[in-house]
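Input: structures, listed below.
Look at the two complexes coming up: chain A is in both, with chain B in one and chain C in the other.
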Partner chain A sequence: MNQHIPDTVDNAAATPEKHQPFEALGLKPDEYEAIKQLLGRRPTSGELAMYSVMWSEHCSYKSSKVHLRQFGQKVSDEMREHLMVGMGENAGVVDIGEGWAVTFKIESHNHPSYIEPFQGAATGVGGIVRDIISMGARPVAVMDALRFGAVDHADTARVLPGVVSGISFYGNCLGLPNIGGETWFDPIYQANPLVNALAVGVLRHEDLHLANARGVGNKVVLFGARTGGDGIGGASILASDTFSEGGPTKRPAVQVGDPFAEKVLIECCLELYREGLVEGIQDLGAAGISCATSELASNGDGGMAVDLDAVLLRDPSLTAEEILMSESQERMMAIVEPAKLEAFLAVTAKWDVETSVLGEVTDTGRLVIHWRGEKIVDVDPTTVAVDGPVYHRPMTRPAWLDALQADTAAALPRPADDDALRAQALQVLGGPNLADASWITNQYDYYVLGNTALAMPDDAGMIRVDEQSGLGVALATDANGRYCQLDPYQGAQLALAEAYRNVAATGASPRAVSDCLNFGSPENPEVMWQFAQAVEGLADACLELGIPVTGGNVSFYNQTGDVPIHPTPVVAVMGVIDDVARRIPSGWQDEGENLYLLGTTALELDGSAWAGVVHGHLGGTPPRVDLPAEKNLGGLLAVAADEGLVTSAHDLSDGGLVATLAEGVLRFGVGARLWLAELCERDGVDVATALFSESTARVLVSVAREDDVKFRGLCEGRGVPVLRIGVTDAEVDGLELQDRFSLTHAELRHAHRATLPAHFGAVVGG
Partner chain B sequence: MPIIVVEVMPKAELLDPAGKAVAGALHRLGHDRIAQVRIGKRFELHVDGEVDAALLAEVETVAGEMLANTVIEDVVTVEVLGAGVAGETH
Partner chain C sequence: MRIGVITFPGSLDDRDAMRAIRLAGAEPVALWHGEHDLKGVEAIVLPGGFSYGDYLRCGAIAAHSPIMAEVIDAANDGLPVLGICNGFQILVETHLLPGGLVRNDHGDFIRRDQRLRVESTESSWTSGFTPGQEITIPLKNGEGGYIADEATLDRLEGEGLVAFRYLDVNPNGSLRDIAGLRNERGNVVGLMPHPEHAVEPGFGPDTPAAMRSGTDGLTFFTSVLRQSVLA
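Let's turn to the complex of A and B:
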């Protein structure tokens, strides 16, 4: 085997014409030229490795940046009030009161999860958890938003169990509760499943840490797992181009994670923070050491000198370029004052975490990297990490959109009689996207740590932050790709509105947003138009609702062949509740309570579960967004929770009223008697519309008799439309729709719970 | 009854957390000369009748497609036990 000879800075200057494989690394010819211009010479192979990963779509946001700016521009004082750290850091940080802050973020690991579902999904969880640690927070929960191909497709049977098993393995081993998320099936995700992982952490205000390298002479320290040949080029090459191109690579494109190493790393980092031994910190994820060094340097004093020989390797045959690009998991980089280095090393030694000092912070404005005594990198770190390429990609409104929007579901035949209505209700409840997800969620530990106040199948997950006061946070993720295909602007707003409503339904007050924007190729003008529309819709809606986007992630190139996925902007909303003891559950538990529908129902079946499941139809325009109504409804629910006026609240979304009613009955097994005549008359809709329409800003609540008058008064005072549509009744077996039909508890249960086990086998613990 | 042995190892470049844990345990017990441990899988396929080239080829295919997850593992051995006749070693 030939000894690898490093390409030095001097060598690069002396051999300007040497051919470099920039295209295989994902760089375009003009980007390669730009690098040469910046350096005034050709890059060394090490520099090329760094630029190629850091200028990849995944790391540089080169196609999305011009649009994402809106999240920073469309902000009000109300949105700034609680925001401690906004976009651009590893994760946003939000004040929740009593000296506590919360950091949360959602991120994609789509492409690795298709290639190797188990490890891909597992390392997705590991990566987002490290983002949370790097802000100075203790991770307290995770969630997952998943999209798979058709439920009955053979490849879904390969991908789904692997992904779920990977998430549960990593999260359960870390001892973090998985408190929610969502799962959708659609053939559009067949060869491109989406695995979006969210993590949330809590910290005291004074524990906040940032990723910057300040203080000349401070040490640059790498600690955690050793660096190996995992996932080299994984992030850049995988996220930047289709799978078929490039052919086989020498090094594996995926990484293998070790959750036990990560658990130790969490505790080690928290002790380092507690002892005040860290000046700046960054986790190593995509682009590994290239990313950590260039970002820390460019966010700090601007200079850094690093010796790659000090990197502890698992495989001594790694070249300098591979060390720079390796995505080995469970690693962190810290900036440490020289006087504190000994104490720092004592803490990492105590936790059995391998640590090496790579170099120090300088004031040269250059990131200089040596390997085997030679200078192999000498760059301005801002050109690597900050001033990457920025593209104003061409955008075209898809020509097919008008025809799609004209094809409204209102024209589809409604059920002819009550028998057909009843049959369709069961059909919708058993649709794969509405069906009970216990097959998945039962594999997750959702009560570990003992602070879970709500989890699946409630509307949002809720975690107690302060064990004395009961202060807590609620989180929900949502995105309806079908709506977004019909109208990406409105679809993104609907995703936000639903997540907002889900959080509000628990009694928490929505406070901040994180998003994971999953789209097709940005080089396709129609996809770029969808992306721009979705971002604009989301930014406008955040401004109207008064909650800021604190961070997130963009995932492009989600497509099979030339067919892009439906635009899928997964929106996570975080809300605050003063005392989790006042939370509102999603199902009623006592009989003799009134069921009130808040909000109004219109003929809005386009893109609905009913249209999809019963008719295999997607067309028309999605339900109207009414943000003032959502805000008003959220405010009402917060007061109702605080005063203990409602015993349950469940939002209406996919599947409409019938889904909400069925889930309410199934939650605690208490039946309900319903009458819809008044609703149909007030809103001017037929019974099928009343049951299946997906009009927004609606929540079903149960209210005890003694609070009835007060609750109705509250609704009237706040101008929230309210209508009594039924009562809870233990004598009723399931659901009884007066003068229409009944569905027994067993029928509801079978329709709701049989779908996933039919395809994937028995439910664990079910 | 002949036995075909298939051995599968995690790819050399990838982390092997279980192997790392065993190496750690060995070191704690004082076995310092053992630098590294990697843990793989061994399959013993019991064959009806004789092993011929066609069967070995069939097993190699099965090994690559089913016994190993070639995204993260390599098939390192396919051979007839005791016969010393190797199929193919990658």
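Let's turn to the complex of A and C:
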């Protein structure tokens, strides 16, 4: 049996020279010295475990903090108006009217998903959902933004199906509709896929809860799954001979998820909130009990006394350090008034959720942890959870960037004739990033809960919040790593602009932002420069659009070999719609309607899908960002939706007009006849540019003839460039570009739908 | 009419089933797996989900939960019972309906708007359809492949107990395209697709007329309601 002897506080004071494996735990020598300074002695092994995980990049944001502050600084009154809880809590909370609030957040689970795709992705969903519950909200939907290596690489065939089935398994078992997201392929992500999971929850204003430990004498209660030896990240050293003799020697670093346990835990937490039995609930994610106790205490009255022997274990041989660092899933920590403890335990018993009281809130300003009768931790919790190290990492504009930006798409051969144009159109539509993702999304349940008003393949997902009034929210996630590689400042703004436009295209008004910033190593000055540029671009654009960043997460150290991934700031925008019955789909269903292109088209092919798919090219500078135009366009679409003037709206982005047209036809199978001569003449571009350019602030809408005059008047009144470029026509089989070429429905469908099944297997029902 | 919806730990579509009952004009009554009380309801829905995590085998643990003892007795006395997806799996595990449901033949979870043909209107839950009617109902499952031995399949066909058959596409490898069954008496119906997800315009499957406007599922609930009024 385990002969582990606790390293007590007294022992630590008495043995100042004892060697500690701080470097193996990821701490730098100066960080270790700082801990000794803070404590006035060496840390105990338990304290060292806590500091090492809480001061890690993942938990402390030590490299990103100085940059992320901009999100809190570049804020206008307009942005504060609806913000109930901003950055820094488990998830931001935004007022959406009628007494309702929404909380949403996107987070990464990249590295675990590469090592063990199924469990890595599954627990990513589980973690973000627990963040939502911590705010007192009922989770109502999830989304996911995925990046994989080359679509035809053998390892992608291992990683992608695992990730997708992990998300499908966990999300479906929780009964949360998966309402959208995006999937990209690029060899740059080959050994470092990105799995970013978003969750959204709703709550009444009065049900808002913050996770903090207030009220001296209140009980600290751990409930949910038992604590096991899984997910002890960099902590394997703790199970080595330095700390333990005879115990297990290695612990798996990837957590294992049990969605059934989480589903029960969700219902249990919601009942606890509803019955008023808890002061606050904190989820246990990264850094487990170390994080939950130190964050709850530092956000509250400042003190907490905990007895680790009360923690229910799956494996009785776990050491104190392992218990502190375990990232076992499906656990929550609550602060409960003593008088309500009995009723609390009755609720957890009803749901068969195991529960144990670990200790209580104190006013000592110290987090004190006992194990086996000995005091093994005695720290100021603020030093663990808040006052971690802050780095001003060196930054360098990459030396290669000038050459990359000089290598524009202008030098690429353009299609010589209409046949070549037609062939390239099909090629672009079948490119892996544009291709139909049904192989993935058919594995997700978007019906459950009965409130899904829009889901894939529409521009954004939409959920009804209030069944009486129809009040709802729309969500979209976007990022274009290719643009960000060319210019991270502009690329981040383009991601925001696209997500904003996708939300606006459904008729919702964008209101708030969450971001998941995926980058290479912060110790690489070029990556750090990219990161700083992206954050600055995003913060500046949020200020201009008037929507705040409410939270998110940073994921560094994403690289394939020595090569960092393209900067990939995934931006999620949440919008509000008064009545989801007024939502706009992304394709037309009726014939005889006019097709209008809103916005103007310029020669902007650098970084485009056309350059990538047809020519394998990445160079130049990404499309110009025009935020006032985006805002204007969004305002117009909100009015058009409200007045029922448009029957469909679909944004133009990756793949340009041709992609939007094809998706419009394929949405409901109704054809369209187009003429582009007027567009080419007005904007001074050739047909290839009109079809493939990725100029921003553009949306294609269909308008019933009876609303034609009113709609044009609306556009002119608001100064949005509008041009009729075609009509919907059931007689046309697919797309007919007048005087140019036609693409039949079958051709469009094959080009769009064949790519993923060719690599991953057939889609049921084609 | 009061229609009970049983919530097991891991039930997911219980709220949807209650909404469907309300939209059909009946009163939904929440029932809890751990109790023996059916609260005097006149019909019961076993909703979709992953009861008890579907550990062991889908529906196997739920089939032995306290409330199912009451459900089995009531069903044998003629109480209308509808099992949807996991509910169908539970009905099969309790032997109220024959056969079994196994992993989809292609191995993956599948969600799709599924065409079905109504094969039997001789039941509490299908009497509002016309024989042979083609309907679209959302399907979403990982273990929806219907199996039974040849003799049972022949008997089901011969006695007209196949309630629904998959049309166009067999999405999970179900034998003889069977999507749902009824019992001899017609009070118990089970199927893999989810009628409670096609009851409200705006939130159902797409139709040729309009996006998400499909409400074919509503007839399940109005059928049982009409039967109660006639009785």
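The rule we apply is simple: the second predicted complex is superposed on the first by the 745 of 766 C-alpha atoms of A that agree within 3 Å, B and C clash if a C-alpha of one lies under 4 Å from a C-alpha of the other, contacts with A are read in each partner's own complex, and residues count from 1 in each chain.
The definition used in the following text is that a contact is a pair of C-beta atoms (placed from the backbone, for glycine too) under 8 Å apart; a residue touches a chain by one contact, two chains touch by 3 or more.
Here the structure is a predicted model, which is why all the values come from computation and not from measurement.
Q: Name the contact category of A:464: first (chain B only), second (chain C only), both, or neither.
A: In the superposition, A:464 contacts chain C only.
Q: Does the superposition put A:762 against chain B (first), chain C (second), both, or neither?
A: The answer is second: A:762 touches chain C but not chain B.
Q: Give one of first, second, both or neither to describe whether A:412 is in contact with chain B, with chain C, with both, or with none.
A: neither
Q: Where does A:256 make contact in the superposed view: on chain B (first), on chain C (second), on both, or on neither?
A: The first partner, chain B, only.
Q: Does chain B (first) or chain C (second) touch A:723, or do both, or does neither?
A: Neither partner.
Q: After the superposition on A, what does A:229 contact: first (chain B), second (chain C), both or neither?
A: After superposition on chain A, A:229 lies in contact with chain B alone.
Q: Is A:420 in contact with chain B, with chain C, with both, or with neither (first, second, both, neither)?
A: A:420 contacts neither chain B nor chain C.
Q: I'd like to know which partner A:115 touches here: chain B for first, chain C for second, both or neither.
A: first
Q: Residues of chain A touched by chain B versus by chain C: which partner has the larger set?
A: Comparing chain B with chain C, the partner touching more chain A residues is C.
Q: So which bits of chain A does chain B touch that chain C touches too?
A: Touching chain B in the first complex and chain C in the second, residues 258, 260-261 of chain A appear in both lists.
Q: State the interface residues of chain C toward chain A in the complex, per the touch definition above.
A: 9-10, 12-13, 15-16, 19, 48-50, 52-55, 106, 108-112, 138, 140, 142, 168-169, 171, 194, 196-197, 200, 202-203, 206, 210-212
Q: Once bound in the complex, which stretches of chain A touch chain C?
A: Where chain A meets chain C, its residues are 165, 168-169, 172-175, 258-261, 263-264, 351-352, 442-453, 464, 467, 580-581, 585, 589, 668, 761-762, 764-765.
Q: Show which residues of chain A lie in contact with chain B when the two form their complex.
A: For chain A paired with chain B, touching residues are 115-116, 119, 225, 228-230, 251-258, 260-261, 314-315, 328-329.
Q: Mind pulling up the chain B residues that touch chain A in the complex?
A: 10-17, 20-21, 69, 71-72
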